[in-house]
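Look at the two complexes coming up: chain A is in both, with chain B in one and chain C in the other.
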Partner chain A sequence: MAKAEYKSKYKRVGQRYDRKDAREKVTGQAVYTYDLELPGMLYARCLLSPYARAKIVSIDTSKAKALPGVRAILTGEDSDILVGLYMQDKRVLSRGVTRYQGDVVAAVAAEDEETAERAISLIDVVYEPLEPVHDVDEALEGKILVHEDINELKHYVGVFFPQKDSNIASWNKSKKGDLEKAFAESDLVVENDFSLPAVAHVPMETHVSIVQADPFSNKIKIWSSAQSPFAIRQIMADSFGVSESDVEVHIPYVGGGFGGKAGIHLEPLATLLSKAAGGLPVKVRATREQEFNQLPTRAGMRGRIKTAANKDGKITAMQAVYDWDSGAYADYGVNVGKTAVYSGIGPYSIENACIDSKTIYTNKVFSTAYRGFGHLETHWSIERQIDILSQKLGIDPYEFRMMNLLEPGDKTMSGEVITESSGNPKECLTAVVKEIGWTGRKTEEERQREWKTGKVRGKGFAMLQKAPAMPANTATSVVMQMNGDGHVKMMIGAVDMGQGAITALSQIAAQELDMPIEDIEISAQIDTRSNPYDWNTVASKLTFLGGNAVVKASHELLHKMKVIAGQVLRTDPENLLHANGEIYHPHNPNRRLSYKDIALGYMYPDGSGIGGPLIASGSVVADGLTNLHPETGQGNPAAVWTFGAHAVEIEVDVETGSVTVLKVASAFDVGQVINEKLIYGQICGGVLQGLGSALLEGYKFNKDEKLMNPSFTDNKIPTMKDMPVEIVPIYIENPQHNGPLGARGVGEHPMISVPSAIGNAVYDALGINFHVLPLSPEAIVLGIQSGKKSILCTDVDCLPGRL
Partner chain B sequence: MLSRFQYFKPHNLNEAVQYLDKEANSFVLAGGTDLMILLRRNVINAEHIVDIKALPETGVFEYTEGTGLKIGAAVVVNRVVDSEVVNSRYRALHQAAASLASFQLRNRATVVGNICNASPGADLPPALLVYDAVVNIAGPQGTRQVPLHQFFTGVKRTVLQHGELVVSVELPESGEGDKSIYLRQARLRGHDLATVGVAARVKPDGKVAIGIAAVAPTPLRLFALEDQINARGLSQETIEWAAEEVKEHIHPITDVRSSAAYRLQMASVLLKRCLLALIAKED
Partner chain C sequence: MDNNKDCSMYTEHVDSGKRKVTLSLTVNGHQVVRDVDPSMSLLHFLRDNIKLFGTKEACGEGECGACTIIMNGKAVTSCIVLAVEAEGAQITTVEGLAKDGKLSILQEEFISEDALQCGYCTPGFLMSARALLDSNPNPSDEEIVEVLSGNLCRCTGYIPILNAVKRTIEREQKELGR
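For the complex of A and B:
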């Protein structure tokens, strides 16, 4: 792969350090929740609803109870607990009705998994199947309500807006300017539908939780494969009516999250089972099939985009309606929907705009956060629409975007003003377009000529933007202590689930303290009793917020060291500098002390000491954010935007429909690279995951809303063999003035817009606009055979994810 | 897994056949890559598992000039992939074997298991069919031979009777000037079941054989189409014609993996590409 050598202006930040957890992981020494066995531990299995929507007429557990080794059996009648991040809409066990074909109807804890499974097979349930809500259109009609009690559901008031007597879990809105006037006065108005199916996160370690909760106290001890230890603590305390301090959450190594392990999932069920089993620890582990059909997905989505532009190429108005098929429960889905109202017109300066984003209940597998948090989906709509618009205007798609992209002084959808410090979308686009050698769209003549060879090449590109979707007062913190050997022991509350957080944060500490990264120790294991608070490990926010906390703590530690060193060296601490693990006097460098000498307090030759053990902390809260206005969506939701662009070159086999991805060039304005090896890994992984959404992945439901592909047999994800021939990462470094060393987050971004860029390249190759994903070989062939120039859901019968 | 079974590993064929005959609810274990899935998903409830890997007959993997190739029921797919004889004399079988599932699974899955599972979309049958493979069956009534094209009776169904097992599969001699190819379409480059798989062979006398999978309840040998092609003579023109005509000889369904329409198109494209490759001048 052709990749320019990256040179950092810093000594430690930007350098290509190996991941701190790499050796432990590749040698198999890393311990995951999956591996944990506790004394007396029981194993759980769940009985899932076989129907998308059914009345539970009766449940007979007597045969299961009689099985030796069974220690607890629960059904919906045994618990009143409702859970939910923003909407408390989910019973831990179904009561009365089931809402999707993965709803838990009964659960067993037994002495081994085999007994638990056998017990499950002995539970007799009589169901009365009910007509399910199949898709978003049916849901919006509201003839059948997925949640009859929607009007009473407890929710986060003022941020989410459930609609009375409907299937709308939240309807979020934003608007600015005069849309009607702009549509009436513009030269061209184009309206299109775009859609994409639900997809799975597919972490290598499926969801697994162990809980020990005795029935005689409020204490709940949790070990979980989860992204959000402190959110689990808070939600568990809320749902179970106990104090946060009663709940302790341990996170060992996590085998991948991708958003699917944000919030809480199996913890409440394990808690109820442990209590029912007299307080023995209970392990609930999702099988791979359950990971697909019980645990949540990325929502399917339909975007309806209406855009107006003038002949000269200026976009004058954009109206977007996003309908999210969130399945049976709201979970993170409502927040994904909310995020779309401030990011859902893409990184463009558009004076008149309006977004309606509805998170909708249906009787399908429910949805949650997924890498990109709705941005892959909204950009699929926006970036295809922009391309189609440029076709209609007869303007080159690169020129067209350059005319409309945000620049300093412009306002975002929610009215924030872009500055030099916000990063530069135009620089990203220009870089990738140059990398693929873009010279304009293929002519129809060129296309026909290539078609005869059986293979047609195409180029395409797409913009992307994302800011962390988080509450206005999101906070994080770190604690630093120094060991006697001068090493710094750092504790954070965020989880390293493979993204490289502990390595990146160590590098920032090593940079600020000017000491070797090998001497920074940071544990990936989190224990809420000892680790400091972090809101959630989501949203690509940790490098930014956590990095700032590390900078703060480092500065505090340095200050404390200089105060002690000042006494020892008999000077004002202000006179002292630090370098390579030492405090020194710049005028007389012989006056110096190593960090080690003051780590536990300085000891004079006569044995007396000063200072004591060095401890410092850094707390950070998001700066200057506000909630959005409920009607206009105006406000400051974004702590930090990261802009980027992808450009691709593909080759389509016109007979088989197979798409070969020859090249992907990806540029992100990251402000400052923290670790070149990590960011390169994030880009390669994100691009491949994006190609999965673009070319391959999608849930397929039958007419009864039963998931037809709940296993790796038919729910495929890309493999190493599906990597593009070439990936070119491009790092743009316009520093963010309030970022740690100028840095922005980039964890999710590499996946966003990959499908849009591929879709635009497919148009370049074939002259056909696909409005649906995935662009599978089958979809391409049937699209070609249809003879149409625009392919919608209804045009090809192979497409999954009918919304 | 809810099954609770007796595991039995016989050391001679008689023992195996007698056990299978005696115990009604028995399943044969070779690679286990299909069997384990059925057990773990509780699709079957097995009381007896008969491991046939210790039978001397099942370990045979030999090529004899003039007679052909014999593959015992315990021979794993990667052994076939690695075989120089298969690669040079039974090219389509090599290609089909190399495209089956993943490397790890090929280290476990057996060639005969791929036949016995009788999946409509199995990769190996098309290649075995074009080489006129014969299945050697042992049972309580002794041994019998069944041509592979008569072995499959439906989706996941074969001619095997109670107490019978497949001991090996034999492919007649394939000599100089015998050419074959296997092509498949899948949903991705990484391992996947074939959406459609096509094997074609041109014998030294110029006669064509075609095997195809995932377009009917069983893998098919397209004898009628072969006759028509052979009558016309294999040429660019005939190939174009056959690529259309093949659609009349198959009955694909729409399922979670593919629509019938796409399978028809792929059968046509892959057959065309197979035959074109076979008539192309060698490098």
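For the complex of A and C:
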């Protein structure tokens, strides 16, 4: 497990502090929503639609109602509430029709889970099954509409573009240059399809929410395993017609999110049940099966990429069409689709380009944000395409990328100009390629020779980029108060679900205030009544935006301290400096005051006081962002890009088709490492999730669009046995001029492009281009047996090997 | 699990229509006697009945290891063990790892190697690792991976967990003379 030694130039930022929440988590003291019990609490169970699309003919709840212990039963007839993050398209309870096999048809709240479960089994529903919309092609034909009321759905206007009388929840576009001319004049044009299935987030704590809806007022109290308390507050207020301040959201420890808990999920249902049960708190928790088949996934995607290049290796044009199978609801899916139009050509400088990205409704499990959303998917397409292009041109894939990667002065897809402070993709690629000892692709003879041993090795690499995908006016804030002991109580509105935010932000505060990190008091638990506003805990934005807010608040706190200290020490505050928890006069070291002396105001020997309790705040809004032009996609979507690259060495067992990942080298231009231990954790965790998407994971639906693998037995995620033998993290530090101490976010990035790098390495090993994920042993074996050089589909019945 | 286990050795009595049996066992060194529903899982007994919420549930089907505890020296996934099967057993849960107000070496190394992120899988990993090291103080990497591959973690990528267990082995040898 070799790791490069990292040395930080700062005293506290960059150091390897233990995470602040670790002690509670290794002793069993950490309380998650799953663990919470409230007085009088009821337990809920849901009846899910057994069909992907069906008409609800009748529901008879009389037997269930008669069961002792049942306190509330709801069906779609009882509530008409619509929810949705960007499109209000989801009924809390299905009314008239169901749109996927996880739609809630009825829900029960009872005194215990067993009673709720029994009550559910006593509800009689008569359905009339309807033909579902199976895939994006059928959806685009538009013969059956998943949402017949699509024209009336309330949505975020100007950012998302639902198409009239269609299944397209949003069609986002971007274009620049003259595509047709470039295609006509270039030496080589290559066109390919790539695809990947829906994949589950698999947080170890399933979704769970407790709600107490006060029957005597508009107040709604929510405890939830959720990433975005303030988004929940706002959506609940919108959907239930109450004021934001009526909704209070508490977030205990969260057992993993990865985007799957970024929106609003079980909270509205628990609210309705609580209201129906006279205001008792109701806990709704998803079983593992429901986590797979009711809660949202990462969308399946197909990318059609057409690229033109000249013999000398310059890419002249790229056209990308991304079709996202978002399932029954838009949720975050439309935003995923939107990111593709400004990031969907990868970190390359391409003058002529055009992207169409459609988020499409089908009757499958709906989709939402998943770590680095949109990027693992688009990069699977782009980075495989770039590799294939380099094969056709006969240029080394490293050289080919180096010729086309963004550099200062170049423009991104949406027209933003890259500067010296944007980070350096070339440095990332060069570092990882060097780390795995790349000397060029294998020759066919070398492959044949190795083949005889039964195991073939291959090397591959891929680029990645991502900027936080967020509204142009995304904001966050921090409040700092000093306790009497000189410790700083810091409050944020974003959730630490394990990414290490509270530790990283404490380090930034400790650095700026020059005091021990142990003296920064911060809690992972959020309460919207007391914690300051944060938009959403998503998009790797927290280090950047939250970090800047911490810097601002720290500076304000220091200023206030110096004003008081100036009075006490009888000097202009501007003459004072701070270090090690003290304010002092540089020319007379005796003139000093500790933070503690002024924390609650300074007291003179005669008992009189000045100042008062120290309190400061920092508010930050994303700077200079704009909505994208609806037709050209030009604008400023990216507050900060983080570039990176992975290189891998793999071994393919040509008999069993299994791929073993021997080494992963991952480089990111993070600007400034905040905590080397935490960043290494993000890299290991992200790489393994990426490896899951690359080699194992994916939803399988039957022909009726019923999920076939809603359990750990059939929907495997990587275990310790799948761990790469070695992961080498490489931190590149070209500071971001407007980042906190130069830092950029990197929470999601390690997952992006892991599949592409592995796919490229599989080509190096076998000389076969796979276009579809996952690269399961079965897919590899069938690919080998087919004798083809391009594997476009790995569904068992359409694989060439089986035809 | 064996639902028809002979319960004649337990006292049976009727409580609001449900047959209950009296169960007595030792949890983290404390004697516990409770009346339980014979179909209750050990996991729910620990959480709902004696209110030890450190042991987590993530699948309820014996597939993820989140609910791992140590019963009579062996790691078991408590979600698929009936509470009544623990009659007379010695149970250790995550709450029982720290002794005399001090974290165990294993817990310290989980912290210092950053072997946890969201922490939801952590109690299960700690208990699986503890049971392994109790039965074999010096396992090879392969043996560690074999045992811990029964626990799922979606956050850490496992490498820090493996490192933490290896560091624990070294330190336990040095400091406890194992």
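The criterion applied here is as follows: the second predicted complex is superposed on the first by the 791 of 803 C-alpha atoms of A that agree within 3 Å, B and C clash if a C-alpha of one lies under 4 Å from a C-alpha of the other, contacts with A are read in each partner's own complex, and residues count from 1 in each chain.
Quick note on the criterion: a contact is a pair of C-beta atoms (placed from the backbone, for glycine too) under 8 Å apart; a residue touches a chain by one contact, two chains touch by 3 or more.
These numbers come from a predicted model, not from an experiment.
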**OP:** Considering only the touch criterion stated at the top, classify A:Arg288 as touching first (chain B), second (chain C), both, or neither.
**Re:** second
**OP:** Classify the contacts of A:Leu688 with the two partner chains as first (chain B alone), second (chain C alone), both, or neither.
**Re:** second
**OP:** Mind working out whether A:Asn709 is in touch with chain B, chain C, both or neither, as first, second, both or neither?
**Re:** first
**OP:** Figure out whether A:Ala22 sits in contact with chain B (first) or chain C (second), or with both, or with neither.
**Re:** second
Original post:
On chain A, which partner's contacts cover more residues, chain B's or chain C's?
Top reply: C
**OP:** Considering only touches as defined above, state whether A:Ser121 meets chain B (first), chain C (second), both or neither.
**Re:** first
Original post:
Should A:Ile517 be classified as contacting the first partner (chain B), the second (chain C), both, or neither?
Top reply: neither
Subject >> Partner chain in contact with A:Ile758 - chain B first, chain C second, else both or neither >> reply: neither
Original post:
Of the two partner chains, chain B (first) and chain C (second), which one does A:Leu696 touch, if any: first, second, both, or neither?
Top reply: first
**OP:** Quick one: classify A:Val781 as touching chain B (first), chain C (second), both or neither.
**Re:** first
Original post:
Between chain B and chain C, which residues of chain A are contacted by each of them?
Top reply: 713, 718-721
**OP:** Spell out the part of chain B that touches chain A in their complex, as residue ranges.
**Re:** 1-2, 42, 185, 187-193, 195, 254, 256-259, 261-262, 265-266, 269
Original post:
Along chain C, where are the residues that touch chain A in the complex?
Top reply: 47, 52-61, 63-64, 66, 93-95, 97-98, 103, 107, 110-112, 114, 116-123, 126, 145-146, 148-163
Subject >> Interface residues, chain A side, partner chain B - complex >> reply: 114, 117-118, 121, 655-658, 695-696, 700, 708-709, 713-714, 716, 718-722, 776-778, 781-782, 785, 797-798
**OP:** Write out the stretch or stretches of chain A touching chain C in their complex.
**Re:** 1, 18-19, 21-32, 34-35, 201-206, 253-258, 287-288, 497-500, 677-678, 680-681, 683-689, 711-713, 717-721, 723, 727
